Amino acid sequence: MSTTQEQAPGGLADQDHSGAHGYATDKEAYLKRLRRIEGQVRGIARMVEEDKYCIDILTQVAAINKALHAVSLGLVKDHMSHCVVGAAREADATGNPELVQAKVQEATDAIGRLLR
Amino acid sequence: MSTTQEQAPGGLADQDHSGAHGYATDKEAYLKRLRRIEGQVRGIARMVEEDKYCIDILTQVAAINKALHAVSLGLVKDHMSHCVVGAAREADATGNPELVQAKVQEATDAIGRLLR
Amino acid sequence: MSTTQEQAPGGLADQDHSGAHGYATDKEAYLKRLRRIEGQVRGIARMVEEDKYCIDILTQVAAINKALHAVSLGLVKDHMSHCVVGAAREADATGNPELVQAKVQEATDAIGRLLR
Amino acid sequence: MSTTQEQAPGGLADQDHSGAHGYATDKEAYLKRLRRIEGQVRGIARMVEEDKYCIDILTQVAAINKALHAVSLGLVKDHMSHCVVGAAREADATGNPELVQAKVQEATDAIGRLLR
(Lines give C-alpha, C1' and ligand atoms only; values in the text may rest on other atoms or scores of the structure.)
Protein backbone atom coordinates (compact mmCIF):
# COMPACT_ATOMS: atom_id res chain seq x y z
CA MET A 1 0.00 0.00 0.00
CA SER A 2 1.46 3.30 -0.99
CA THR A 3 0.35 6.81 -0.16
CA THR A 4 1.94 8.48 -3.14
CA GLN A 5 -0.41 10.56 -5.22
CA GLU A 6 -0.78 9.48 -8.78
CA GLN A 7 -1.75 11.13 -11.97
CA ALA A 8 -5.29 10.71 -13.10
CA PRO A 9 -5.49 8.04 -15.76
CA GLY A 10 -6.37 8.91 -19.25
CA GLY A 11 -5.01 12.10 -20.65
CA LEU A 12 -7.31 13.72 -23.10
CA ALA A 13 -8.43 10.76 -25.10
CA ASP A 14 -8.82 10.63 -28.85
CA GLN A 15 -11.32 13.30 -29.86
CA ASP A 16 -12.45 11.32 -32.86
CA HIS A 17 -13.27 8.26 -30.85
CA SER A 18 -17.00 8.13 -31.46
CA GLY A 19 -19.68 5.81 -30.19
CA ALA A 20 -18.09 5.26 -26.79
CA HIS A 21 -17.54 7.04 -23.53
CA GLY A 22 -14.44 9.12 -23.02
CA TYR A 23 -12.79 6.69 -20.66
CA ALA A 24 -13.02 3.84 -23.17
CA THR A 25 -9.60 4.53 -24.61
CA ASP A 26 -8.09 4.30 -21.14
CA LYS A 27 -10.08 1.38 -19.91
CA GLU A 28 -7.03 -0.64 -18.97
CA ALA A 29 -5.54 2.23 -16.96
CA TYR A 30 -8.82 2.64 -15.02
CA LEU A 31 -9.16 -1.09 -14.39
CA LYS A 32 -5.58 -1.35 -13.16
CA ARG A 33 -6.13 1.57 -10.85
CA LEU A 34 -9.41 0.17 -9.52
CA ARG A 35 -7.84 -3.24 -8.86
CA ARG A 36 -5.17 -1.43 -6.89
CA ILE A 37 -7.77 0.42 -4.81
CA GLU A 38 -9.58 -2.87 -4.21
CA GLY A 39 -6.29 -4.26 -2.88
CA GLN A 40 -5.89 -1.21 -0.64
CA VAL A 41 -9.36 -1.76 0.83
CA ARG A 42 -8.49 -5.42 1.48
CA GLY A 43 -5.25 -4.23 3.08
CA ILE A 44 -7.23 -2.08 5.51
CA ALA A 45 -9.48 -5.02 6.40
CA ARG A 46 -6.31 -7.00 7.15
CA MET A 47 -5.03 -4.19 9.37
CA VAL A 48 -8.32 -4.25 11.32
CA GLU A 49 -8.11 -8.02 11.67
CA GLU A 50 -4.53 -7.76 12.95
CA ASP A 51 -5.46 -5.01 15.44
CA LYS A 52 -3.19 -2.44 13.87
CA TYR A 53 -3.07 1.03 15.35
CA CYS A 54 -6.15 3.10 14.42
CA ILE A 55 -4.09 6.07 13.27
CA ASP A 56 -2.19 3.88 10.79
CA ILE A 57 -5.50 2.61 9.43
CA LEU A 58 -6.73 6.19 9.05
CA THR A 59 -3.59 7.01 7.06
CA GLN A 60 -4.41 4.19 4.65
CA VAL A 61 -8.03 5.35 4.36
CA ALA A 62 -6.71 8.81 3.40
CA ALA A 63 -4.54 7.14 0.72
CA ILE A 64 -7.62 5.43 -0.75
CA ASN A 65 -9.52 8.73 -0.73
CA LYS A 66 -6.70 10.22 -2.79
CA ALA A 67 -6.65 7.31 -5.22
CA LEU A 68 -10.43 7.59 -5.67
CA HIS A 69 -10.12 11.33 -6.25
CA ALA A 70 -7.64 10.64 -9.04
CA VAL A 71 -10.09 8.20 -10.64
CA SER A 72 -12.93 10.74 -10.30
CA LEU A 73 -10.87 13.51 -11.83
CA GLY A 74 -9.94 11.29 -14.76
CA LEU A 75 -13.60 10.50 -15.36
CA VAL A 76 -14.61 14.16 -15.06
CA LYS A 77 -11.92 15.10 -17.57
CA ASP A 78 -12.97 12.37 -20.00
CA HIS A 79 -16.58 13.43 -19.62
CA MET A 80 -15.74 17.02 -20.45
CA SER A 81 -13.53 16.23 -23.42
CA HIS A 82 -15.95 13.71 -24.91
CA CYS A 83 -19.51 14.13 -23.73
CA VAL A 84 -19.60 17.90 -23.22
CA VAL A 85 -17.54 18.69 -26.30
CA GLY A 86 -19.47 16.10 -28.33
CA ALA A 87 -22.76 17.62 -27.21
CA ALA A 88 -21.50 21.08 -28.21
CA ARG A 89 -20.87 19.81 -31.75
CA GLU A 90 -24.15 18.01 -32.00
CA ALA A 91 -25.93 21.08 -30.63
CA ASP A 92 -24.34 23.23 -33.32
CA ALA A 93 -25.12 20.70 -36.05
CA THR A 94 -28.72 20.28 -35.00
CA GLY A 95 -29.40 23.76 -33.67
CA ASN A 96 -30.35 22.30 -30.32
CA PRO A 97 -28.44 24.07 -27.49
CA GLU A 98 -30.35 22.21 -24.76
CA LEU A 99 -28.11 19.20 -25.46
CA VAL A 100 -25.06 21.01 -24.11
CA GLN A 101 -26.95 22.41 -21.16
CA ALA A 102 -28.04 18.93 -20.14
CA LYS A 103 -24.50 17.50 -20.32
CA VAL A 104 -23.02 20.44 -18.43
CA GLN A 105 -25.67 20.18 -15.73
CA GLU A 106 -25.08 16.46 -15.39
CA ALA A 107 -21.33 16.99 -15.02
CA THR A 108 -21.88 19.79 -12.50
CA ASP A 109 -24.15 17.58 -10.41
CA ALA A 110 -21.59 14.75 -10.50
CA ILE A 111 -18.78 17.08 -9.41
CA GLY A 112 -21.03 18.42 -6.66
CA ARG A 113 -21.51 14.91 -5.30
CA LEU A 114 -17.71 14.48 -5.23
CA LEU A 115 -17.21 17.76 -3.37
CA ARG A 116 -19.58 16.76 -0.62
CA MET B 1 -25.85 32.70 9.71
CA SER B 2 -27.68 29.80 8.22
CA THR B 3 -26.56 26.28 7.53
CA THR B 4 -29.05 25.57 4.80
CA GLN B 5 -27.55 24.42 1.55
CA GLU B 6 -28.14 26.69 -1.36
CA GLN B 7 -28.30 26.32 -5.06
CA ALA B 8 -25.23 27.27 -7.01
CA PRO B 9 -25.70 30.68 -8.55
CA GLY B 10 -25.93 31.08 -12.24
CA GLY B 11 -27.85 28.50 -14.11
CA LEU B 12 -26.48 27.87 -17.52
CA ALA B 13 -25.86 31.39 -18.70
CA ASP B 14 -26.62 32.78 -22.09
CA GLN B 15 -24.70 30.74 -24.63
CA ASP B 16 -24.45 33.69 -26.99
CA HIS B 17 -22.89 35.94 -24.44
CA SER B 18 -19.52 36.43 -26.09
CA GLY B 19 -16.47 38.34 -25.00
CA ALA B 20 -16.92 37.67 -21.30
CA HIS B 21 -16.53 34.87 -18.81
CA GLY B 22 -19.42 32.60 -18.12
CA TYR B 23 -20.15 34.01 -14.73
CA ALA B 24 -20.56 37.54 -16.09
CA THR B 25 -24.30 37.16 -16.58
CA ASP B 26 -24.67 36.16 -12.94
CA LYS B 27 -22.26 38.64 -11.49
CA GLU B 28 -24.77 40.06 -9.06
CA ALA B 29 -25.73 36.61 -7.77
CA TYR B 30 -22.07 35.75 -7.15
CA LEU B 31 -21.35 39.07 -5.45
CA LYS B 32 -24.37 38.74 -3.19
CA ARG B 33 -23.32 35.25 -2.25
CA LEU B 34 -19.72 36.28 -1.58
CA ARG B 35 -20.84 39.20 0.61
CA ARG B 36 -22.89 36.70 2.58
CA ILE B 37 -19.89 34.41 3.04
CA GLU B 38 -17.82 37.42 4.12
CA GLY B 39 -20.46 38.10 6.76
CA GLN B 40 -20.35 34.48 7.89
CA VAL B 41 -16.56 34.68 8.35
CA ARG B 42 -17.02 37.86 10.39
CA GLY B 43 -19.66 36.05 12.41
CA ILE B 44 -17.17 33.32 13.28
CA ALA B 45 -14.61 35.91 14.37
CA ARG B 46 -17.29 37.38 16.64
CA MET B 47 -17.99 33.92 18.09
CA VAL B 48 -14.29 33.51 18.87
CA GLU B 49 -14.18 36.94 20.50
CA GLU B 50 -17.21 36.07 22.62
CA ASP B 51 -15.74 32.70 23.67
CA LYS B 52 -18.52 30.68 22.08
CA TYR B 53 -18.35 26.92 22.31
CA CYS B 54 -15.82 25.42 19.85
CA ILE B 55 -18.29 22.89 18.45
CA ASP B 56 -20.71 25.69 17.54
CA ILE B 57 -17.91 27.52 15.76
CA LEU B 58 -17.03 24.33 13.85
CA THR B 59 -20.66 24.05 12.74
CA GLN B 60 -20.45 27.55 11.27
CA VAL B 61 -17.15 26.75 9.54
CA ALA B 62 -18.87 23.74 7.94
CA ALA B 63 -21.65 26.07 6.74
CA ILE B 64 -19.08 28.34 5.07
CA ASN B 65 -17.44 25.33 3.43
CA LYS B 66 -20.81 24.45 1.93
CA ALA B 67 -21.43 28.00 0.73
CA LEU B 68 -17.98 28.08 -0.89
CA HIS B 69 -18.65 24.73 -2.55
CA ALA B 70 -21.81 26.17 -4.08
CA VAL B 71 -19.83 29.13 -5.44
CA SER B 72 -17.15 26.78 -6.82
CA LEU B 73 -19.72 24.57 -8.49
CA GLY B 74 -21.37 27.58 -10.09
CA LEU B 75 -18.01 28.73 -11.48
CA VAL B 76 -17.15 25.23 -12.73
CA LYS B 77 -20.50 25.03 -14.49
CA ASP B 78 -20.10 28.45 -16.06
CA HIS B 79 -16.59 27.53 -17.14
CA MET B 80 -17.84 24.38 -18.83
CA SER B 81 -20.80 25.99 -20.56
CA HIS B 82 -18.79 28.98 -21.79
CA CYS B 83 -15.07 28.40 -21.94
CA VAL B 84 -15.03 24.67 -22.76
CA VAL B 85 -17.96 24.83 -25.17
CA GLY B 86 -16.58 28.06 -26.68
CA ALA B 87 -13.19 26.44 -27.18
CA ALA B 88 -14.88 23.44 -28.83
CA ARG B 89 -16.48 25.75 -31.37
CA GLU B 90 -13.32 27.72 -31.98
CA ALA B 91 -11.37 24.49 -32.32
CA ASP B 92 -13.81 23.27 -34.97
CA ALA B 93 -13.75 26.59 -36.79
CA THR B 94 -9.97 26.84 -36.80
CA GLY B 95 -9.12 23.14 -36.97
CA ASN B 96 -7.13 23.45 -33.76
CA PRO B 97 -8.20 20.74 -31.25
CA GLU B 98 -5.46 21.70 -28.77
CA LEU B 99 -7.64 24.63 -27.74
CA VAL B 100 -10.25 22.32 -26.22
CA GLN B 101 -7.65 20.12 -24.61
CA ALA B 102 -6.10 23.11 -22.87
CA LYS B 103 -9.47 24.34 -21.49
CA VAL B 104 -10.47 20.86 -20.33
CA GLN B 105 -7.12 20.34 -18.62
CA GLU B 106 -7.39 23.72 -16.92
CA ALA B 107 -10.87 22.89 -15.64
CA THR B 108 -9.74 19.44 -14.47
CA ASP B 109 -6.84 20.95 -12.55
CA ALA B 110 -9.16 23.51 -10.93
CA ILE B 111 -11.64 20.81 -9.89
CA GLY B 112 -8.73 18.76 -8.55
CA ARG B 113 -7.71 21.64 -6.30
CA LEU B 114 -11.28 21.82 -4.97
CA LEU B 115 -11.37 18.08 -4.23
CA ARG B 116 -8.24 18.27 -2.14
CA MET C 1 -24.54 -0.82 -4.59
CA SER C 2 -26.40 1.75 -2.63
CA THR C 3 -25.77 5.42 -2.13
CA THR C 4 -27.53 5.73 1.18
CA GLN C 5 -25.47 7.21 3.94
CA GLU C 6 -24.81 4.91 6.80
CA GLN C 7 -24.00 5.29 10.41
CA ALA C 8 -20.38 5.03 11.40
CA PRO C 9 -19.71 1.63 12.91
CA GLY C 10 -18.83 1.30 16.49
CA GLY C 11 -20.66 3.46 18.89
CA LEU C 12 -18.56 4.47 21.82
CA ALA C 13 -16.92 1.20 22.63
CA ASP C 14 -16.48 -0.23 26.08
CA GLN C 15 -14.44 2.22 28.09
CA ASP C 16 -12.96 -0.52 30.21
CA HIS C 17 -11.69 -2.48 27.28
CA SER C 18 -7.97 -2.21 27.94
CA GLY C 19 -4.98 -3.49 26.04
CA ALA C 20 -6.54 -3.05 22.61
CA HIS C 21 -7.44 -0.33 20.17
CA GLY C 22 -10.82 1.31 20.34
CA TYR C 23 -12.15 -0.33 17.22
CA ALA C 24 -11.44 -3.82 18.57
CA THR C 25 -14.90 -4.18 20.06
CA ASP C 26 -16.45 -3.38 16.70
CA LYS C 27 -14.08 -5.37 14.57
CA GLU C 28 -16.84 -7.33 12.88
CA ALA C 29 -18.77 -4.19 11.99
CA TYR C 30 -15.67 -2.64 10.42
CA LEU C 31 -14.79 -5.80 8.50
CA LYS C 32 -18.32 -6.11 7.16
CA ARG C 33 -18.28 -2.51 6.07
CA LEU C 34 -14.88 -2.85 4.41
CA ARG C 35 -15.94 -5.97 2.54
CA ARG C 36 -18.89 -4.00 1.28
CA ILE C 37 -16.65 -1.17 0.07
CA GLU C 38 -14.39 -3.72 -1.61
CA GLY C 39 -17.46 -5.01 -3.47
CA GLN C 40 -18.39 -1.45 -4.46
CA VAL C 41 -14.91 -0.92 -5.95
CA ARG C 42 -15.25 -4.18 -7.88
CA GLY C 43 -18.67 -3.00 -9.05
CA ILE C 44 -17.10 0.15 -10.48
CA ALA C 45 -14.45 -1.90 -12.31
CA ARG C 46 -17.29 -3.93 -13.80
CA MET C 47 -19.04 -0.72 -14.90
CA VAL C 48 -15.85 0.40 -16.65
CA GLU C 49 -15.50 -2.99 -18.35
CA GLU C 50 -19.11 -2.83 -19.54
CA ASP C 51 -18.67 0.74 -20.86
CA LYS C 52 -21.26 2.21 -18.52
CA TYR C 53 -21.92 5.93 -18.67
CA CYS C 54 -19.17 7.95 -16.97
CA ILE C 55 -21.61 9.98 -14.88
CA ASP C 56 -23.10 6.79 -13.42
CA ILE C 57 -19.60 5.62 -12.51
CA LEU C 58 -18.91 8.97 -10.83
CA THR C 59 -22.08 8.55 -8.78
CA GLN C 60 -20.77 5.22 -7.51
CA VAL C 61 -17.35 6.71 -6.71
CA ALA C 62 -19.15 9.35 -4.63
CA ALA C 63 -20.97 6.54 -2.79
CA ILE C 64 -17.63 4.88 -1.95
CA ASN C 65 -16.26 8.21 -0.73
CA LYS C 66 -19.20 8.43 1.65
CA ALA C 67 -18.74 4.86 2.87
CA LEU C 68 -15.03 5.52 3.50
CA HIS C 69 -15.90 8.71 5.36
CA ALA C 70 -18.15 6.71 7.66
CA VAL C 71 -15.33 4.25 8.36
CA SER C 72 -12.90 7.13 9.02
CA LEU C 73 -15.31 8.83 11.37
CA GLY C 74 -15.82 5.61 13.29
CA LEU C 75 -12.06 5.19 13.68
CA VAL C 76 -11.62 8.83 14.73
CA LYS C 77 -14.34 8.40 17.35
CA ASP C 78 -12.84 5.18 18.66
CA HIS C 79 -9.42 6.82 18.77
CA MET C 80 -10.78 9.70 20.82
CA SER C 81 -12.77 7.57 23.24
CA HIS C 82 -9.94 5.10 23.80
CA CYS C 83 -6.51 6.41 22.95
CA VAL C 84 -7.00 10.09 23.82
CA VAL C 85 -9.08 9.42 26.93
CA GLY C 86 -6.72 6.59 27.94
CA ALA C 87 -3.72 8.87 27.54
CA ALA C 88 -5.46 11.52 29.67
CA ARG C 89 -5.81 8.99 32.48
CA GLU C 90 -2.29 7.74 32.15
CA ALA C 91 -1.01 11.31 32.05
CA ASP C 92 -2.84 12.09 35.28
CA ALA C 93 -1.61 8.89 36.93
CA THR C 94 1.99 9.43 35.90
CA GLY C 95 2.10 13.23 35.93
CA ASN C 96 3.15 13.22 32.30
CA PRO C 97 0.94 15.59 30.25
CA GLU C 98 3.03 15.10 27.09
CA LEU C 99 1.28 11.76 26.62
CA VAL C 100 -2.03 13.45 25.91
CA GLN C 101 -0.47 16.07 23.71
CA ALA C 102 1.11 13.39 21.54
CA LYS C 103 -2.18 11.50 21.11
CA VAL C 104 -4.13 14.66 20.36
CA GLN C 105 -1.55 15.78 17.81
CA GLU C 106 -1.59 12.38 16.16
CA ALA C 107 -5.38 12.45 15.89
CA THR C 108 -5.32 16.01 14.56
CA ASP C 109 -2.82 15.06 11.86
CA ALA C 110 -4.92 12.04 10.87
CA ILE C 111 -8.09 14.16 10.63
CA GLY C 112 -6.13 16.72 8.60
CA ARG C 113 -5.20 14.03 6.07
CA LEU C 114 -8.88 13.11 5.76
CA LEU C 115 -9.91 16.72 5.19
CA ARG C 116 -7.49 17.14 2.33
CA MET D 1 -3.91 36.50 -1.36
CA SER D 2 -1.60 33.60 -0.96
CA THR D 3 -2.16 29.94 -1.56
CA THR D 4 0.49 28.69 0.81
CA GLN D 5 -0.76 26.27 3.41
CA GLU D 6 -0.40 27.39 6.93
CA GLN D 7 -0.10 25.73 10.22
CA ALA D 8 -3.22 25.44 12.28
CA PRO D 9 -3.24 28.10 14.97
CA GLY D 10 -2.91 27.17 18.52
CA GLY D 11 -0.62 24.34 19.33
CA LEU D 12 -1.80 22.36 22.27
CA ALA D 13 -2.91 25.09 24.57
CA ASP D 14 -2.21 25.29 28.26
CA GLN D 15 -3.70 22.23 29.89
CA ASP D 16 -4.28 24.05 33.13
CA HIS D 17 -6.30 26.76 31.51
CA SER D 18 -9.64 26.09 33.15
CA GLY D 19 -13.01 27.73 32.79
CA ALA D 20 -12.62 28.53 29.09
CA HIS D 21 -12.67 26.82 25.74
CA GLY D 22 -9.48 25.42 24.33
CA TYR D 23 -9.07 28.08 21.71
CA ALA D 24 -9.18 30.88 24.26
CA THR D 25 -5.42 30.93 24.71
CA ASP D 26 -4.99 31.34 20.97
CA LYS D 27 -7.77 33.78 20.41
CA GLU D 28 -5.56 36.35 18.73
CA ALA D 29 -4.13 33.77 16.31
CA TYR D 30 -7.65 32.68 15.33
CA LEU D 31 -8.89 36.23 14.91
CA LYS D 32 -5.92 37.18 12.77
CA ARG D 33 -6.47 34.13 10.61
CA LEU D 34 -10.19 34.82 10.26
CA ARG D 35 -9.58 38.44 9.31
CA ARG D 36 -7.24 37.17 6.62
CA ILE D 37 -9.89 34.76 5.29
CA GLU D 38 -12.41 37.61 5.29
CA GLY D 39 -9.96 39.59 3.15
CA GLN D 40 -9.58 36.62 0.80
CA VAL D 41 -13.36 36.42 0.34
CA ARG D 42 -13.44 40.16 -0.41
CA GLY D 43 -10.60 39.60 -2.87
CA ILE D 44 -12.68 37.04 -4.72
CA ALA D 45 -15.63 39.44 -4.89
CA ARG D 46 -13.26 41.99 -6.41
CA MET D 47 -12.10 39.43 -8.98
CA VAL D 48 -15.72 38.77 -9.95
CA GLU D 49 -16.38 42.52 -10.24
CA GLU D 50 -13.31 42.95 -12.46
CA ASP D 51 -14.30 40.00 -14.68
CA LYS D 52 -11.21 37.97 -13.86
CA TYR D 53 -10.82 34.55 -15.42
CA CYS D 54 -13.04 31.93 -13.74
CA ILE D 55 -10.19 29.46 -13.28
CA ASP D 56 -8.17 32.07 -11.35
CA ILE D 57 -11.18 32.69 -9.11
CA LEU D 58 -11.52 28.94 -8.50
CA THR D 59 -7.86 28.83 -7.48
CA GLN D 60 -8.55 31.48 -4.86
CA VAL D 61 -11.64 29.63 -3.61
CA ALA D 62 -9.44 26.54 -3.15
CA ALA D 63 -7.00 28.68 -1.13
CA ILE D 64 -9.85 29.79 1.18
CA ASN D 65 -10.97 26.18 1.57
CA LYS D 66 -7.46 25.33 2.76
CA ALA D 67 -7.34 28.27 5.16
CA LEU D 68 -10.72 27.25 6.62
CA HIS D 69 -9.52 23.67 6.98
CA ALA D 70 -6.57 24.91 9.01
CA VAL D 71 -8.93 26.85 11.30
CA SER D 72 -11.19 23.80 11.66
CA LEU D 73 -8.28 21.53 12.49
CA GLY D 74 -7.04 23.96 15.11
CA LEU D 75 -10.50 24.03 16.72
CA VAL D 76 -10.79 20.24 16.60
CA LYS D 77 -7.40 19.91 18.26
CA ASP D 78 -8.26 22.44 20.94
CA HIS D 79 -11.57 20.68 21.52
CA MET D 80 -9.83 17.36 22.02
CA SER D 81 -7.09 18.66 24.27
CA HIS D 82 -9.47 20.68 26.44
CA CYS D 83 -13.06 19.54 26.27
CA VAL D 84 -12.53 15.81 25.69
CA VAL D 85 -9.60 15.52 28.07
CA GLY D 86 -11.39 17.73 30.61
CA ALA D 87 -14.47 15.55 30.40
CA ALA D 88 -12.31 12.45 30.90
CA ARG D 89 -11.01 13.92 34.15
CA GLU D 90 -14.42 15.03 35.33
CA ALA D 91 -15.84 11.63 34.44
CA ASP D 92 -13.18 9.93 36.53
CA ALA D 93 -13.68 12.32 39.44
CA THR D 94 -17.45 11.99 39.42
CA GLY D 95 -17.73 8.39 38.21
CA ASN D 96 -19.82 9.53 35.27
CA PRO D 97 -18.44 8.09 31.99
CA GLU D 98 -21.36 9.46 29.96
CA LEU D 99 -19.67 12.87 30.12
CA VAL D 100 -16.81 11.67 27.93
CA GLN D 101 -19.10 9.85 25.56
CA ALA D 102 -21.11 13.01 24.98
CA LYS D 103 -18.03 15.12 24.24
CA VAL D 104 -16.55 12.49 21.93
CA GLN D 105 -19.83 12.14 20.05
CA GLU D 106 -20.11 15.90 19.68
CA ALA D 107 -16.57 16.11 18.30
CA THR D 108 -17.22 13.18 15.93
CA ASP D 109 -20.36 14.85 14.60
CA ALA D 110 -18.50 18.13 14.08
CA ILE D 111 -15.67 16.36 12.21
CA GLY D 112 -18.27 14.53 10.14
CA ARG D 113 -19.79 17.84 9.06
CA LEU D 114 -16.32 19.02 7.97
CA LEU D 115 -15.69 15.85 5.94
CA ARG D 116 -18.87 16.30 3.97
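The letters A, B, C and D name the chains in turn, as written, and every chain counts its residues from 1.
What we mean here is this: a residue touches a chain if its C-beta (ideal position, glycine included) is under 8 Å from a C-beta of that chain, and two chains touch if they have at least 3 such contacts.
Chain labels with UniProt names: A, B, C, D = Metal-sensitive transcriptional regulator.
Please read these numbers as outputs of a predicted model, since none were measured by experiment.
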Please state whether B-D or C-D has more C-beta contact pairs across its interface.
B-D
Which chain has its C-alpha centroid at the greatest distance from the C-alpha centroid of chain D?
A
Between chain B and chain C, tell me the centre distance in angstrom, where each centre is the average of that chain's C-alpha atoms.
30
Let me have the rounded angstrom distance from the C-alpha centre of chain C over to the C-alpha centre of chain D, please.
21
Chain centre separation in whole Å, for chain D relative to chain B (CA means)
22
Shared-contact residues (touching 2 or more other chains) in chain B:
72, 76, 107, 114, 116
Every chain pair meeting the touch definition is listed as A-B, A-C, B-D, C-D
Hey, which residues of chain B end up touching chain A in the complex?
8, 12, 15, 69, 72-73, 76-77, 80-81, 84-85, 88-89, 92, 97, 100-101, 104-105, 107-108, 111-112, 114-116
Residue positions on chain A within touch of chain C in the complex are 20-24, 27, 30-31, 34-35, 37-38, 41-42, 44-45, 48-49, 51-55, 57-59, 61-62, 64-65, 68, 71-72, 75-76, 78-79, 83, 106-107, 110, 113-114, 116
